[in-house]
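Two complexes, one shared chain (subunit A), two partners (subunit B, subunit C).
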Partner chain A sequence: MAEPRVVVIGAGPAGIRAAQALVAAGLRPAVVDEGLCSGGQIYRRQPANFKRPYEALYGFEAKKARAVHTTFDDLSNAIDYHPETLAWNLSGNTLHLVRNDIADTLDFDALILATGATDRLLPLRGWTLPGCYSLGASQIALKAQACAIGERVVFLGTGPLLYLISYQYAQAGVDVAAVLDTSPFSGQIGALPVMASRPSMLAKGLYYRAQLTARRIPVHTSVIPLQIEGETSVSGVRFRTGKGKEQQLVADAVGMGFHLRSETQLADLAHCEFDFDEELAQWAPVADVDGRSSVPGVYLAGDGARILGADSAEITGELAALAVLSDLERPVSGQRVQKLRQGRERMERFRRGLAMAFPWPAFLARGVEYDVLLCRCEAISAGELRSSASQCGAPELNRAKALIRVGMGRCQGRYCGHAAAEVLADMRGESLRDVGRLRGQGPVKPLSCNTRMKVSK
Partner chain B sequence: MTGPGNNKATDVIVVGGGIMGASTAFFLRKRGHSVRLIERGLVGQQASGVNFGNIRRQGRNLVQLPLSNRARGIWERLPELVGENCEYLCTGQLRVSYDAEGAEDLETYARDAREHGLDLEILGPEALRQRYAWLGPDIVLGSLAPQDGHANPRLTGPAFGRAALKAGAIIEENTEVLAVEKTGDDFEVQIVGGDRFRAPAVLLATGAWAGPVAARFGEPVPMVSRGPHMGVTEPVPYRIKPSVGVKTRVPGETVYLRQVERGNIVFGGGMRNEVDLEAIRVYPKPEYTLHQLPLLQRVLPGIEKLRIIRVWSGIEGYMPDDQPVMGPSGKLPGLYYAFGFSGAGFQIGPGVGDVMAELIATGATSTPIEAFDIRRFAATA
Partner chain C sequence: MLGRFVRVAEQDRPTVELEVDGSPCQALEGDTLLVAVLSQRNTLRQSEFGDGDRAGFCLMGACQDCWVWTPTGERLRACTTQVSAGLRVMTHPPGEDVWPNLA
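Let's look at the complex of A and B:
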């Protein structure tokens, strides 16, 4: 039998650990990376001539970041690495790649999708103003470019990233005006015992929180965000405190995000079955504990499969690779698999705690006012979605897309899809599961009309 | 959608809620007939909702022009009939060619079409460049149909469905037909879940899925199912008014595009996709998009600066002679067909509805449709 062709999409912690395990078993995988260089988003590297030390870039995670980077660098002769390459489509066992407008194909026997995640966002009056960023983008600006999104910044949303990034900005010397968390503090206390499954992670969270307090940065919980203010760019934030008092903050930038959402377009194009995850309040490709999808030969790892975080991504990346090897009838250490599965289970428990501490504020999405822009690409307001959907009859999200254009633009619903589903479900008095999910369509990201097929291989 | 009354017998049952079925139901109501439309999914969801959106008479086989002209009249009156214009723009349809053969075909067609009430304007390279500065330099001849244009397919089928409902039709969506049988003078249509509906007339308008049903009535047809390959770019300022298509004798070189008012450029052509009739899915082949790109650049060089944001397809039934199956059954009185529009059904859709309603209601139609009779396959199939 010819050497099996294994392709890994993504070079974050999941993709890197998957590649490492495949190489250790004597295979030569291809790794396709949309990034300029490996590391993914969480361990994104700075440009070549930037000199900040690991400790400054990654804080407590410096050791992990270094380990992940070194692992990948050591693999350079043992893998086929495709940086700056978008896997824009997939058909059968052929992956379609594009780099600098040159298209190419890559056939595979096994495919590991380690495609990561992006911020889950909510429409809010003023959220389209220049100066309003996602939490992830705020962090990337700091990590990769040593830039802040503004001079006086408000961080808004919920989830562990909210505190981490606020801390990182404060640490970098940026004036953090306030941290506005939509989750109640009581939930965070209540979740502590569950989150004790990962004591060091919990300790870090508490440390970030304490650091914010020590720097006298106001942290508000149970917040109802009302508006991001500004004429031509962000000038402030208006919100209601948990006690019902309206407050106004002056700021020139806002970073917002409500946990993450998996990037699942490739799994969709690979015909993977999806199911609605009630706990995460999002649709996810179905996978077994080792990452096997419903499609033979397609495996899922990291946050692209399920939002469990960077440490878990290292585990599920390796697990998916071992599942590939096992399905290829290569020797796999059962002990190692057991250990990884246990690690994954611990991450699951911690994630449950996080979901308790920082619930997805569906009520905010459902309560978005009529004239607030919901779908940015197509300029559809929440009210337009409501009234058109009731007039024209849209029993599910794809029909709403067809009739009203919501989720039809450049982002293909990746940024507005969650809120659109909430609004539609609210309007129909139904659950998120009932209104379904936007079907994935190629290309995964916009494809230049100047794309040309590679001449010869 | 559901209807007002729910008595089990109507004058007509329409099976299939594409633009053909929905507009037939609408025009039947205009003639005072009671009608029940049964649709497996949602109205206008399949081929009639995902096609390119050409409102094009030019280029059609000449025998289709009377029907196509009748349809054009309906497109013009859309707001008054169904309450909205479905983004219909009467901005012209331009066919262009790159070589002498293509040019000859355009000129011949223009001569012939005039006798059928379709006036086309032949434009040389100078005139083309003057009017449409964005066209590619290889184009040697153009043929403009000033009274053609384009519309939004996603909106049109559902608009006819809602209008039919408002006019009193019973619309059963998410309802799958199990069996259609003739019992006595009536047809009995049984749906999944057990309900049975009766009517003296049935129209089968189930597109690419019509073949097996027609075969069961002893009228098999050699229909092939394919999916056109479509795509759309990000929006740019609205400049390209006419819908544009390439006329060529080279197989696979056909490409067509139109710009919608909000700026996106919709395109299609080149190759057709394999489809899965059973799963009701078609996955557009990525390589077909790559195949389209040089074709698009040749007709519209500026497009290379844009990006494609979405690609799609739909499931269409193609007949070997590219003519639809439309008219009465040759075997069973009361049974009618309207399917197999061979990738060119959207523009004539409302006309098909008007004609089928006329035919079912009066037994005859003022628009000639003999060329589309299912009996033409009786000898071969």
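Let's look at the complex of A and C:
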């Protein structure tokens, strides 16, 4: 029998550990990744001619970053690596790839989706102004380009990245005007015992916060953000404190995000079953503890399957690879699987703590005023979505999308989808589960009109 | 010179000459096109829907809010495009319907 063709999508910590386990078992997997370099989000690499040491780039995670990078570099002769390549569609057992506008196909017997996550956003008046970026973007500017998104930055939203990135900016010498967290401090205290399941992670979180305080950077919790101000670009932020007092901050940039959302389009195109996860307040492809999806031959790993963070991505990447091997009837160490599953369970407990500490502020999305742009791509307002729900009776998101194009623009609903679901659910007096989810469609990202098929191999 | 992005390290790199909307733009080797433009300018492009200027948003190739064009109409995503000497870009699409409706 010919060697089974195993393809991994994503070269972040999950994809890298998956590839490593497959190679260790004697297979030669293909790894497809859209990035210029391997590493994924947390371990994103800087360009080759940059000189900052690992410690400056990755802080406490420097050792892990180096380990993940070295692992992947050492695999270079043992895998077929497709960098700068987007997997833009999937039909049956064939992936559709594109690199530099040249389209190609790749067949697989087993597919591991390790596609990671993007920031989860909700609209706020003024969020389309130049100077407003996602939280992740703020970090990418710093990590991969040694730039700050502005001279004086407000970080706004909630989640662990809010504090990490604010700290990273302060550490790089950037003027951080304030950290505005929509979550209440009491919830964070309440979650401490649960988060103690990973003491070192908890300690890091507390450290970042202490560092912000030591630098006299104001940290507000229970914040209601009101507006990103500015005529033609960001000039400040207006918000209400937990005590109900309105405040204004002068700033030329805002980094904003409310935790993360999984990149699940390919799982959707593979016809994986999805379920609504109440705790994460998002839809996720269904998978067993090892990452087997509902579709035979399709496996899920890392933050693309479930937002559990970088350490978990390494674990679930390896677990998915071991599941592939086991399903191919290759020998797999039961002990190793057991250990990985235990590790994953610990990450689950910690994640529960994070969800308690940093809840998704659905009420903000539901309260978005009529004239605020909900869809950045096609400038569709929250009011337009509301009227589609009331006048046209859009019963669920895909119908609303067909009616007013919300989620149909170039980002394919990545940045408006969550808020759109909240607004629609609010209008209809239904649950998020009832209004459904925007179905993934190919191409998962817009292709250039210069895209052409690769000629003969 | 009033840029939006502020370089905080790694400034000791060779320069690369580009052309943005017909004007010279000096970048550093290793810059993305978005960083090259926004370290000199305040905005990148105008929204096609008349709601003002845009300057990118996600920097990771997901939001598609940083499209620019080559003079021949080829579309580039500024946040994931590396600069190269002599690169010429326009922040307005050169023709009317260069962006195919893929929906």
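Simple rule for what comes next: the second predicted complex is superposed on the first by the 457 of 457 C-alpha atoms of A that agree within 3 Å, B and C clash if a C-alpha of one lies under 4 Å from a C-alpha of the other, contacts with A are read in each partner's own complex, and residues count from 1 in each chain.
Simple rule for what comes next: contacts are C-beta pairs under 8 Å (C-beta built on N, C-alpha and C of every residue); 3 or more make two chains touch, one makes a residue touch a chain.
Since this is a predicted model, take the numbers as computed values, not measurements.
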Exercise. Which holds for A:172: it touches subunit B only (first), subunit C only (second), both, or neither?
Worked result: second
For this session: Could you tell me if A:245 is touching subunit B, subunit C, both of them or neither one (first, second, both, neither)?
Result: neither
Exercise. Does subunit B (first) or subunit C (second) touch A:415, or do both, or does neither?
Worked result: second
Exercise. When the two structures are overlaid on chain A, which partner does A:403 contact: first (subunit B), second (subunit C), both, or neither?
Worked result: first
Exercise. If you stack the two complexes on chain A, which partner ends up touching A:447: first (subunit B), second (subunit C), both, or neither?
Worked result: both
For this session: Would you check which partner chain A:373 touches, where first means subunit B only, second means subunit C only, and both and neither mean what they say?
Result: second
Exercise. When the two structures are overlaid on chain A, which partner does A:88 contact: first (subunit B), second (subunit C), both, or neither?
Worked result: first
Seminar exercise, completed: Max touched-residue count on subunit A (subunit B vs subunit C) belongs to chain C
For this session: Tell me which partner A:146 touches in the superposition: subunit B (first), subunit C (second), both or neither.
Result: second
For this session: Look at A:216 in the shared chain and tell me whether it touches subunit B only, subunit C only, both, or neither; answer first, second, both or neither.
Result: neither
Seminar exercise, completed: Both subunit B and subunit C touch subunit A at residues 408-410, 441, 443, 446-450
Exercise. Once bound in the complex, which stretches of subunit A touch subunit B?
Worked result: 88-91, 94, 96, 103, 105, 269, 271, 392-393, 395, 399, 402-403, 408-410, 412, 441-443, 446-453
Seminar exercise, completed: subunit A partner, complex, touching residues on subunit B are 1, 42, 45, 49, 154-155, 158, 162, 233-234, 283-287, 289-290, 293-294, 296-297, 303-312
Problem set entry | subunit A to subunit C touching residues, read off their complex | 34, 36, 41, 46-52, 56, 118-119, 128-134, 136-137, 140-142, 144-151, 172-174, 232-233, 252-253, 373, 376-379, 405, 408-411, 414-415, 441, 443, 445-450
Problem set entry | In the complex, subunit C residues that touch subunit A | 4-11, 13, 29-32, 35, 39, 42-44, 47, 49-65, 67, 74-75, 80, 82, 98-100, 102-103
